[in-house]
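Chain lettering (A, B, C, D and E) follows the sequence in which the chains are written, and residue indices restart at 1 in each chain.
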Amino acid sequence: MLVLPAVLAVAFLVVPLVALVAGTPWEDFWDRLRTEAVRDALALSAITSLATVGLCVLIGTPLSWVLARVVFPGRALVRALVVVPLVLPPVVAGVALVAALGRTGLIGSWLDESFGYRIPYTTAAVIIAHTFVALPFYVLAVEGVLRSNGARWDDVAATLGAGRWTTFRRVTLPLALPGLIAGCALAWARSLGEFGATITFAGNYPGTTQTLPSLIYSELQGDVEVARTISMVLLLASVLVLAGLRDRWLRVP
Amino acid sequence: MLVLPAVLAVAFLVVPLVALVAGTPWEDFWDRLRTEAVRDALALSAITSLATVGLCVLIGTPLSWVLARVVFPGRALVRALVVVPLVLPPVVAGVALVAALGRTGLIGSWLDESFGYRIPYTTAAVIIAHTFVALPFYVLAVEGVLRSNGARWDDVAATLGAGRWTTFRRVTLPLALPGLIAGCALAWARSLGEFGATITFAGNYPGTTQTLPSLIYSELQGDVEVARTISMVLLLASVLVLAGLRDRWLRVP
Amino acid sequence: MAGGPLDVDVTVPGRVRAAFSAQPGEVVAVLGPNGAGKSTLLHAVAGLHGPVGDIRVGDQRWDGAARTTRALRVRDRRIGLAFQGQLLFPHLSALENVAFGPRRRGASRAAARRLAARWLDRFEIGDLAHRRPHELSGGQAQRVALARALAVEPEVLLLDEPFAGLDVGVALGLRRVLAQHLRDFSGVTLLVTHDALDAATLADRVLVLDRGVIAQYGTTAEVSAQPLTEHVARLAGLNVVQETPTRFVAFSPSVVTVALAEPTDSPRLRWHGVVSTVTRHGSALRIAVATDEGLDLLADLTPEAVAELEIADGAPVWLAVKATAVRRYSPPPGAAVSPPR
Amino acid sequence: MAGGPLDVDVTVPGRVRAAFSAQPGEVVAVLGPNGAGKSTLLHAVAGLHGPVGDIRVGDQRWDGAARTTRALRVRDRRIGLAFQGQLLFPHLSALENVAFGPRRRGASRAAARRLAARWLDRFEIGDLAHRRPHELSGGQAQRVALARALAVEPEVLLLDEPFAGLDVGVALGLRRVLAQHLRDFSGVTLLVTHDALDAATLADRVLVLDRGVIAQYGTTAEVSAQPLTEHVARLAGLNVVQETPTRFVAFSPSVVTVALAEPTDSPRLRWHGVVSTVTRHGSALRIAVATDEGLDLLADLTPEAVAELEIADGAPVWLAVKATAVRRYSPPPGAAVSPPR
Amino acid sequence: SSEEGAGAEAGEKELTVLAAASLTETFTALGEEFEKTHDGVDVTFAFDSSATLAAQAVEGAPADVLATADLRTMDDAVAGGAIDGDPQTFATNVMTLVVPADNPAGISSFADLDKPGVDYVLCVETAPCGVVGAALIADGGITADPASLEVDVKAVLAKVASGEADAGLVYVTDATAAGADVVSIEIPGAETQLLEYPIGVLEQTGDDDLAAEFIELVLSDEGRRVLADAGFGAP
């Protein structure tokens, strides 16, 4: 009853990947990759996706906690708003970012005038775009775990004199670790594959804002073989990283 | 210590949305929406995203359970493989689907020859594409909760004579409900915003395969105002649905 | 840090309503049947039910019924709460569980661990310090939970059935350790227990809860001599009968005579009923009788008498007590009296 | 469905190793100090530790040491396991918790709920049937857990401290209900307890665990008369001293004489030590003495004697026993003997 | 200015060009040519859809030159104040019908699109290629609906090249670039629907002269030759 649909699900997800791998021109695999554009994009993707995960953990974890534990009026609305970037097609997300942080945007124009700082078309813009689309995933996943764990241990910690912050750090977080890891994996993967919002908000310049998916997108317009080859790199990198997640981190004693 | 970054996170996610809303031409809002294309796309998006959530629950829940509870060789690898569609840029995901299920694809060609059934350009293709990209989100989120809940209650159920399936249905699932809901929200949102894989694999024809994001993307090339207006519909719909999630379902007693 | 007197007047709607005071250094045994509200009372004092009324410790106000005073947060009340059911942190070792409180109260990491190790040693589980809760037996976990509550040097100690699940030997030892600790403890202790021995050996006063309200509050001697509820009567090993709403009669099972026929010398105190159980009690046999009036009375007989009368479960018997062998008393005015059943 | 005899020979590495048999209908009290392996033994029989050795119930093999026989899955063993610490399903009401087992064993929804309601009524918590576990008091939850284990009509009953946390009145009633149920029960019952009364009133045999191995296994009368471990001696209210590795001496606290000076009539059995506690015991006072040899001995004295001798905690005393008042015995050959302490 | 662009090194000049995706091969070649004749100049391209690039140009994307695949998007950029001076048309393109190399539906003429069972694809009407395509379909009297309206011409080409569609309408340049993957079939009257490619200097450029020199190269004979090789027509 359970294993059958599970196998079906795996097949459903893996068969297209196999087809993709099978369709990749493996002969000149390395040659196609030995270009500066690929090297730059790979480095940029690695940096920006890790930075994104970091940012998500830094601001997303507290947000999940607030949504799961603190009762305040309008919580349901905030929860909904926070998840919206998830449903926006990436390009629209990019448009929204431009509207907010672009040169003529709400905050962007103020930043430009006051500090002469412009966000678009910089690596920072890439990270911002990635975080904008990845953060909701992280928050939803972590909030789910925090809720299903309940607040019992938080109460116990309070009776022992622990403040909110200590309780969070020493009790709530360790108990929610498996969910946190899942959230990180989600955010990382989402960031690694993102290009719609990135191109719209940060552009597509090799070296500063061209990530692997942007490069793939560009190459799809030109050399499809190269695009497929680069896709393989993404695929392999993610399989390696995700398979490396030790069972130990995915379990609470 | 916790509220500050949480507020920051909310601001980060909400300000671009506000900018987007502010930049929307509200005067002719309804006029722009009163076209057949918008109506069709809205209906199609509703249907396909719900079908996607249904499919995810149906095959994704067992898969999450297997990954969280059943020990088998190569589990880490399967877990990684299952998450890969997450990192593929949507267009590449579409390419993978074409390679597997397209008219000339691995399985698609066999389907075509044996049954004369072609998947591309049908609504079914849209649902398949959506499920392919949304399922990993669902699985990761639900697996995270299942793991952080532990298997203690499963043991108790076994001593009372419950088989795997009953235990799963009556004990494991209800206890993981908050995570399941989070997973559904993730999958639904991802499906609602998806267009890269959809356009590549299923095409873009009004009424059968043109979803809201596809329509938005098409309009972005032409009338940006219309695109923004339709984006508002997506945004509002998702806020309404997600804000409607009652706290009750997000909590285990 | 020396805890002052504890003044409590709290209400947790539908579960408990209680007002009482205790002097510094006093140990108050909280007795009462299951569901009487003992744990709820402790949690309310700890602040886990939010603002619940008036709680004062010395000149510090923990909770105030008036809207103007804000309740002290749980973490700012210096309490040591041993939960019923332990609630050890599953991700921390026994040592880390115990060290958690001292650490939060400002001890250095090393000092907290040393303190925790000392408590575990005192409870004879020093060698299990590195174990996680799921690797401990029930009784071992209970000891860790008790150590965790004691290690924080609180102003008010709240112990919810601290000896539950402990084996006799350990319970004896722990009672000794706890008695010693409580002698030196300057704050108030609330000790929930189902064991008369705990009340007798550890407590200065007894607070009897019944269906959410205080049925009796007095010194241990008072309460055990003149119990007002059937529950305490059982604990004190006495029979208690309520004659009038304000008049109680208490007598020991050893003064009850048992006969098969109706007593002819007609003592005023006599009941007809059916034997429900016969158990050993020291060198005597104790028979429990369910009377026709719905009372549960005990009588102690010699094994020879039991054999002679052929008493067995279900046998109908007459019980009688001489008027001179009973103690009659009234509850003190103002006491919330809940009649035995 | 009638359970046959239970044959067990199991090993859970590092925690318990035990082999014993019990006849259908027998109630085996499992005694032993905290951490002795009582819960582990019950869980092993239930199959929660995976394949652990040989377990047979009647002619059904639940587990086989041989690689060729596959262990019966937990869910296929007809057991009723009341966990220490309850482990009620948090998302189900009390009634649904109890009905869960019967439902899985094939009862219709309505029948399972009726059965569950009957059990809850029998345990006097019928009015709490709709409550979730977190809305129950500790003792109420314990009763639900016990009802859940009994409701499945198992072949083997495994009860882990079933009366823990219950108030005296309820415990008495429940003991009665359980005794009645066990009389009609045709399978084997393993009953873990820390209470001598349970063993005396409910059990046919006693299995004593000590540090993971069986220290003694015999009828209740045998074991309480000739205890081989200090733990059981305490439970039986006896002093036990091991004279030689295979020779034990048991005597009641009431035959011990206490003196301040060394006895001159030199009985062979005498010890010097320090009083550690004085507690009430019936009409007598019971003093516990820690001897210089490291033994813990008990002596019962009249209050007058205690006052006269001016005995208090920490006082040095001499204990003596007349040779005629003790019982000497050896463990049966083959019994795994673990000396008291 | 261009110094804000990607990784400018001291002493080196950099020229950044925003160009329509269909110009990827030709402009890359021209960029290398430009670097050869201009010592110390590094040419960087950002290829994307014309609409996206125009929007980025208006947003102030750090670049020097904008080349789009239709007049409307360039008009948007001009209206947004992003273009310095007047844009110039440097190439034209016409549409053609393409079928997969093995031509599974057996299409031999434009009219065959009306045959039952033929899945053909077009650009969506919001894209430049869609407007032209729809007009050609209407002119040719085709009544069958397309299977899909692709968002850009590359998507149409990909669908045909992979055999997912039996036929599609693309630009001649795309058919040329696809080589042997597809077979072109001429559309009667296609030359009446010319597509014009304009190019212009961006307002935010830091080096007007260099930008103008690049445009000169595109408009030169050398540029014409490269473009013609790829299938582009003369302006």
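Methods note: a residue touches a chain if its C-beta (ideal position, glycine included) is under 8 Å from a C-beta of that chain, and two chains touch if they have at least 3 such contacts.
Since we're looking at a predicted model, the values are computed, not measured.
Among the remaining chains, those touching chain A as well as chain E are B. When each chain is reduced to the average of its Cα atoms, E sits farthest from chain C. Averaging Cα atoms per chain gives one point for each, and the point farthest from that of chain D is the centre of E.
Computed from the mean C-alpha positions, the centre of chain B lies at a distance of 34 Å from the centre of chain E.
Taking the mean of the C-alpha atoms as each chain's centre, chain D and chain E sit 86 Å apart. If each chain is reduced to the centroid of its CA atoms, chain A and chain C end up 55 Å from each other.
The centroid of the Cα atoms in chain C and the matching centroid in chain D are 23 Å apart.
Along chain C, no residue makes contact with two or more other chains.
For chain A, the set of residues touching two or more other chains reads 175, 220, 252. Listed for chain E are residues 52, 55, 158, each touching two or more other chains. Pairs of chains that satisfy the touch definition comprise A-B, A-C, A-E, B-D, B-E, C-D.
On chain A, the positions that touch chain E within their shared complex are 98, 102-104, 118, 120-121, 199-200, 203-208, 218, 220-222, 224. Across the complex, chain C meets chain D through its residues 32-36, 38-40, 84-86, 136-140, 143, 160-161, 164-172, 175-176, 179, 194, 196-197, 200-201, 230-231, 234-235, 276-277, 279-280, 282, 288, 296. Those residues of chain B that touch chain A in the complex are listed here as 1-6, 8-10, 12-20, 22-23, 58-63, 65-66, 70, 75-93, 95-97, 99-101, 105-107, 131-132, 135-137, 139-141, 143-145, 147-150, 164-165, 168, 175-183, 185-186, 189-190, 192-196, 213, 216-217, 220, 227-228, 231, 234-235, 237-247, 250-252. If you check the complex, the residues on chain C that touch chain A are 46-48, 73-76, 78-79, 81, 83, 87, 89-91, 100-101, 104-105, 132, 134, 148, 152.
Considering their complex, residues 4-7, 16, 21-22, 24-25, 44, 46-48, 52, 55-56, 59-62, 154, 158, 161 of chain E touch chain A.
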